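Report on one structure; see the data block that follows.
Letters A, B, C and D name the chains as they come in the text, with residue numbers starting at 1 for each one.
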Amino acid sequence: MADLSTSVAGIRLENPLMLASGILDENGYTMLDVIANGAAAVVTKSIGLEERNGYSAPIIVEYGDSLINAVGLSNPGIDNFADEIRIAKKAGRPVIGSIFASDAESFTKLGMKMQEYGCDAVELNLSCPHVKGFGLEVGSDPDLVEEIVTELKSKIKVPVFAKLSPNVSDMIEIAKAAEKADAYVLINTVKAMKIDIRARSPILTNVYGGLSGPAIKPVGIRYVYEVKKETGKEIIGVGGITTYEDAIEYIMAGASAVQIGTALYTKGKSIFRDVASKMNTFMDDEGFSRIQDMVGVAIR
Amino acid sequence: MADLSTSVAGIRLENPLMLASGILDENGYTMLDVIANGAAAVVTKSIGLEERNGYSAPIIVEYGDSLINAVGLSNPGIDNFADEIRIAKKAGRPVIGSIFASDAESFTKLGMKMQEYGCDAVELNLSCPHVKGFGLEVGSDPDLVEEIVTELKSKIKVPVFAKLSPNVSDMIEIAKAAEKADAYVLINTVKAMKIDIRARSPILTNVYGGLSGPAIKPVGIRYVYEVKKETGKEIIGVGGITTYEDAIEYIMAGASAVQIGTALYTKGKSIFRDVASKMNTFMDDEGFSRIQDMVGVAIR
Amino acid sequence: MIKIVAEKVRDEAKNVRTIFFRWDQEVRAGQFIMVWLPGLGEIPMSLSYIGTPKAITVKAYGSVSQALVDMQPGQEFYIRGPYGNGFQIDPGRKLLIGGGSGMASLLPIADSETDAIISAKTKDELIFTDRFPENRIFIATDDGSAGFHGFPHELLDKLDVSVYRKIYVCGPEPMLYRVMQKLSDLNASAEFSLERTMKCGIGICDSCSVGGLQVCKQGPVFTIEQLRGNPEFGISRTTYSGKRVFLNMK
Amino acid sequence: MIKIVAEKVRDEAKNVRTIFFRWDQEVRAGQFIMVWLPGLGEIPMSLSYIGTPKAITVKAYGSVSQALVDMQPGQEFYIRGPYGNGFQIDPGRKLLIGGGSGMASLLPIADSETDAIISAKTKDELIFTDRFPENRIFIATDDGSAGFHGFPHELLDKLDVSVYRKIYVCGPEPMLYRVMQKLSDLNASAEFSLERTMKCGIGICDSCSVGGLQVCKQGPVFTIEQLRGNPEFGISRTTYSGKRVFLNMK
C-alpha cells in the first residue's frame, strides 16, 4: 500500500485532496461532511470584511461537466464566520481560511481573524475573475500583490497560500511578486460567459463568470508545470480535477497537493474517497510509494 | 427561408461559416474540398517567410472533443504557397491568407504576397501561443501590434483581419492597438498542456500547446462579447464552434461571421453544410430573416 | 436552459397560480426545477404536475415569483433540471401534509389511497382543496377561517396516523419541524420535502445546506431518520450571504 | 494515450520486426494506430494482427521506427487510435498485393480464399511469405533475387485477375499508382491503402491529404474509383512543412 499522506507548507495532509474554495464551504456543517467524505482539508469560501449577498441568481451555468459561475463573492463577512470555522474544525483536519479584499491592510485584518479562529493556513484569493475591485483586479498588479503578501506574512504565523489567476499575460511575474507566500494555489477560474440563444441574453446576472471544471484542466496543468519549473516553490493544483488520473497529472506537473471543486457537481462528495483509493492503486501498480516521489516527475 | 448570406469587411459570404486557420488548409485541394462541403470561405494555414517543418510529432493531443496542439507553425514558406492559393481560388469563394512573422516589415512582405496571389483578405496571426518569437510574443505587445497593422494597411488594398490571443491580461488594449484592422478574429487557442501519467511525460514534443474546441467556447464568447461591446468593430468569432447553437451564440455575442476548426475532428467536413442548414431552421423558427439581425443582440 | 411556453394557467388562490406547459422529460414526484426569467432572476420551483402537461404552482413572494403569477398563456420562461431526489413512494395508504405552496410538490403523489392535510395561514391561501374528495381531506388554518383552527402538527393529534403506510410533508421549515417532532413520537414512517435558499440547484454553492446535506442534491426530500438529530434542521440556516441565522423554535 | 507492453517480438526480415501485444479494442483490418515513444516521437503504424494478441510490423527507416524494431518483450510504448476506415471486405476470392512493409495492413484480411503478391526490393526484405500456403503466393523482387523479376504491376500481366472478387493493395505510392493503372484497365474491383506523411492522424492537420481526401480519416483505404482521377494521387504530395513536391511518375 502506497502512502498517500503528504504535506504542504508544513501542514500535514492525510491525502493530497482538499476541497477548493467556494464549493460547499460556507457552512461549517457542510465542511464537516466533506471531511467525513475523505477530504484531507477544506478551504473555506472566500470571506471579506463585510457581509455581501453576491449576485442574484442565475449565478451558475452548466456547460457539460464544466461550470461557469458568477457567485459574486457572497459571504457573511469575517465577523460572522467564526462559528463556521469552529464547527468545521471539529473534524480534526486542517481548515484553510480563504480571504479576499482590495488592499494589504484589509487582507491583513482578515488573515489575522482567520488565524484567531483557528485556521491552519490562509489562502489569498487574488484571482476571482468576475467582481470589480477584488480578485483579479488585485491579482494582476504585481506591486499590490507583493505588498499584500509581505504585509500579511509579517503579521501572522500560519502559512499563507497565494491563489493566482490564469487571466493574465504573465503569471510568472505575479508568482514572483507573491514569492513570500508559502505556497501557490493554481488556478482560479477562467473568465468566460454563456448566452442563451433562445432568450437572446447572457444567462448570468453578472454577464461574465468564471469557467471551472474539465474545460480548464489543460490550462491548470500548464500553469502548475510552468510555475513549478520556474520557481520551484510548493504548489497546490486546482482546476478540473475529476478523476484520479487528473489528480496525478497535477502532481506530476509539480503540485504537492490538489483541490477539487466543480467535480462535486458531477461526482458528489464521494469523489474524495474514490479518487484517493484509485490513486493508491495507481501508485502501487506504478511503483510509487509516496506522493512526494511523483511531484514534478514529468517536468523536462 | 432566412437569408444566410452576410459580409465581413466588405467581403461577401454565402453563409457566416469559414474554415479556421491551421485546420485542413495547407493543401489547395483540401481547401477546395472544404468549400465543396459548404464553407463560405477558407483561411489558409499561417504562412511565414521561410519554410518550417514545425515540431515533430506528437503535435496533437485529443482531450475529449477538444484538442491541444503544438504544430509549431509548419509551413512551406510564402514563396512555395502561390500554387495552393491558385488551386483553392478555383472554387470561386473567398480565400483569406493567414500570415505570421515577428516584425512589421516581414508581415508587410507576406501580406503583399498574399494579395498578389489573389487572396481576398489577409489575416494576421498575432496569437499563436506555442512558438517563441512569433504569435503571442508579438501579439501581446501593443506598440508592435500597432506598427504591424498600420504598416500593412498602408501597403495593401485587401482587408486586414487581426487575430488576437486570449492569453493576455487585457485584450481590449491589444484590440485598440490593432484598430486600423478591418476586423478582429477572436480567439486563437488557449495555452495549455497534457501529461501522460503512465509515461510520466508531457505528450507534446513542444510540451506546451494551444487548447481549442468546446473547452474554450465560453472563453471565446466572452471575448467576442466584450470586444464588440467596447469597440463596436466587426468581429469574426472562433473557438469551439461545433453546433449551430454555438455559431449563433457567437453571432449574438457580436460576431458578424465565424470560423470552425477543431470541430472538423469530431464532425468532419460535413459540419459546414449541417450547421448552415440548422441555422436556417433556427432563424425561421425565431423570426430572424438576416444574419445581421442577430449580430450582438445579446449585448446588454 | 430549456425554453418553455406557458400553455394554460389556473388561479389556485389569491396570488397563487398554476402554469401548465409541455416538457418532454421524465420527472419524479418531489423533484424541482430552476425557473429563469431573463432580466429578472432564477428561482426553484417544485413540479405540481409531472405527467403531460406538467405544471408549477407559484405563490407570489418577491419579484420573480410575482412575475410568474402574472404569466399568461403563450408567454415564455426558461428552466433547468429536474433536480433533486424526489419522494420514495411506497404502495399503500398515504397521508400528505402540506403547508402553503408546499402542497405543490405533494400533489403528484396523490392517488385514490391518499388523504391530505392542507394548511395555510388563512382560508384564502388554501390551495388544491378541490383536488381531493371531501372525505379524504383535512383542512387547517392558523386563524381558524376554515377547518381546524391551528397548525398541522396539532391537527395530527386528532387523527389515527397508524393507518398510513407513509406520510409525506412539505411546507415552511417551522411547520416541518413540529410535524417531524410529532411523527417521531408516533414512530411514523415519513418523508419531508425541505425549502431553503437555493442559488445553484446542483450541490455546489452550499446555500441550501442543512447539517451537511444539500437540499438541492441530497434532498429536497429527506426521511424522518435523516432529519432527526440534524444539527441545523429547525434550528438555523444560512441566508443569501451565507450568514447563519437561528429559527428560535426550541 | 494507451500504455502498451510488448508481449512477444518476431523478426520478419532484416530490420523488420513484428511486436505482439494485448489491447482490448475492436479494430478493423486496414485501420492504423499512432505509436508514441516518449522523448523520441510518434508515427503511424498499421495493425498486422487485429485479434488477440494484436501486432504491428515495423520496418526501420528513421529513429522512431528503428527504436520499435529494437523493442524487446516487456518494454512499453503508447498508442492512440484505432484510426481510419479500414478495408471493406467482400466475401469470395481475394488477391492481396503488398509492397515492403505495406503487407502489414493486408495480413489481417488473409483467409483460405486469399492469394497474395508479396513484393520487395530484394529477397531479404520480403515479409510474411510464410503466412501463406505456397500455391497461394506470388513473389516479386525488383532485383530478381526471388520470384518474379520486376514490379507487382508487371507480375499482374501473368495472372488472371478476373477470378478475384476484390483486390487489396498496400505499398509505396509509386507501386500503388502503377497497380491502379493496370487494374483500371482490367476493370477490377480494388481497394488501396495509402501512406502519406501523417502528423495528427485525426483529419485536421492536412499533412496526409491526397486530392482533398484525408488519408488518416477518409482513408487510409480508398476504392479504385476514388483514386482514379484524383489530382494528387501518384502525382504530388506535401512534405512535413507543407511544401508540394512532385512524384514525377508520368
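Worth a mention:
Keep in mind that, in the parts below, a contact is a pair of C-beta atoms (placed from the backbone, for glycine too) under 8 Å apart; a residue touches a chain by one contact, two chains touch by 3 or more.
In this text the structure is predicted, and so the values were computed from the model without any measurement.
Looking at chain C and chain D, no chain is in contact with each of them. Each chain gets a centre from the mean of its Cα atoms; the one farthest from the centre of chain A is D. If each chain is reduced to the centroid of its CA atoms, chain A and chain B end up 33 Å from each other.
Averaging C-alpha coordinates per chain places the centre of chain B 36 Å away from that of chain D. Between the CA-based centres of chain A and chain D the separation comes to 51 Å, rounded to the whole angstrom.
Counting partner chains per residue, chain D has no residue touching two or more of them.
Contact of a single residue of chain A with at least two other chains is seen at positions 198, 201. If the chains shown are joined wherever they touch, the resulting network is a simple chain of contacts running from one end to the other without closing.
Touching chain pairs in this entry, ordered by label, are A-B, A-C, B-D. Those residues of chain C lying in contact with chain A across their complex are 1, 3, 34, 36, 38-39, 41-43, 78, 80, 198-207, 209-214, 217, 231-232, 238-244. The touching residues of chain B, when paired with chain D in their complex, are 23-27, 29-30, 32-33, 36, 45, 51-54, 56-60, 62, 67, 69, 71, 74-77, 80, 83-84, 196, 198-199, 201, 203, 205, 261-262, 264-265, 268. Chain A contributes residues 63-64, 66, 68, 140, 167-170, 190-195, 197-198, 200-202, 207-208, 211, 214-216, 218-219, 221-222, 225-226, 245, 248-249, 252-253, 282, 286, 297-298, 300 to its touches with chain B in the complex.
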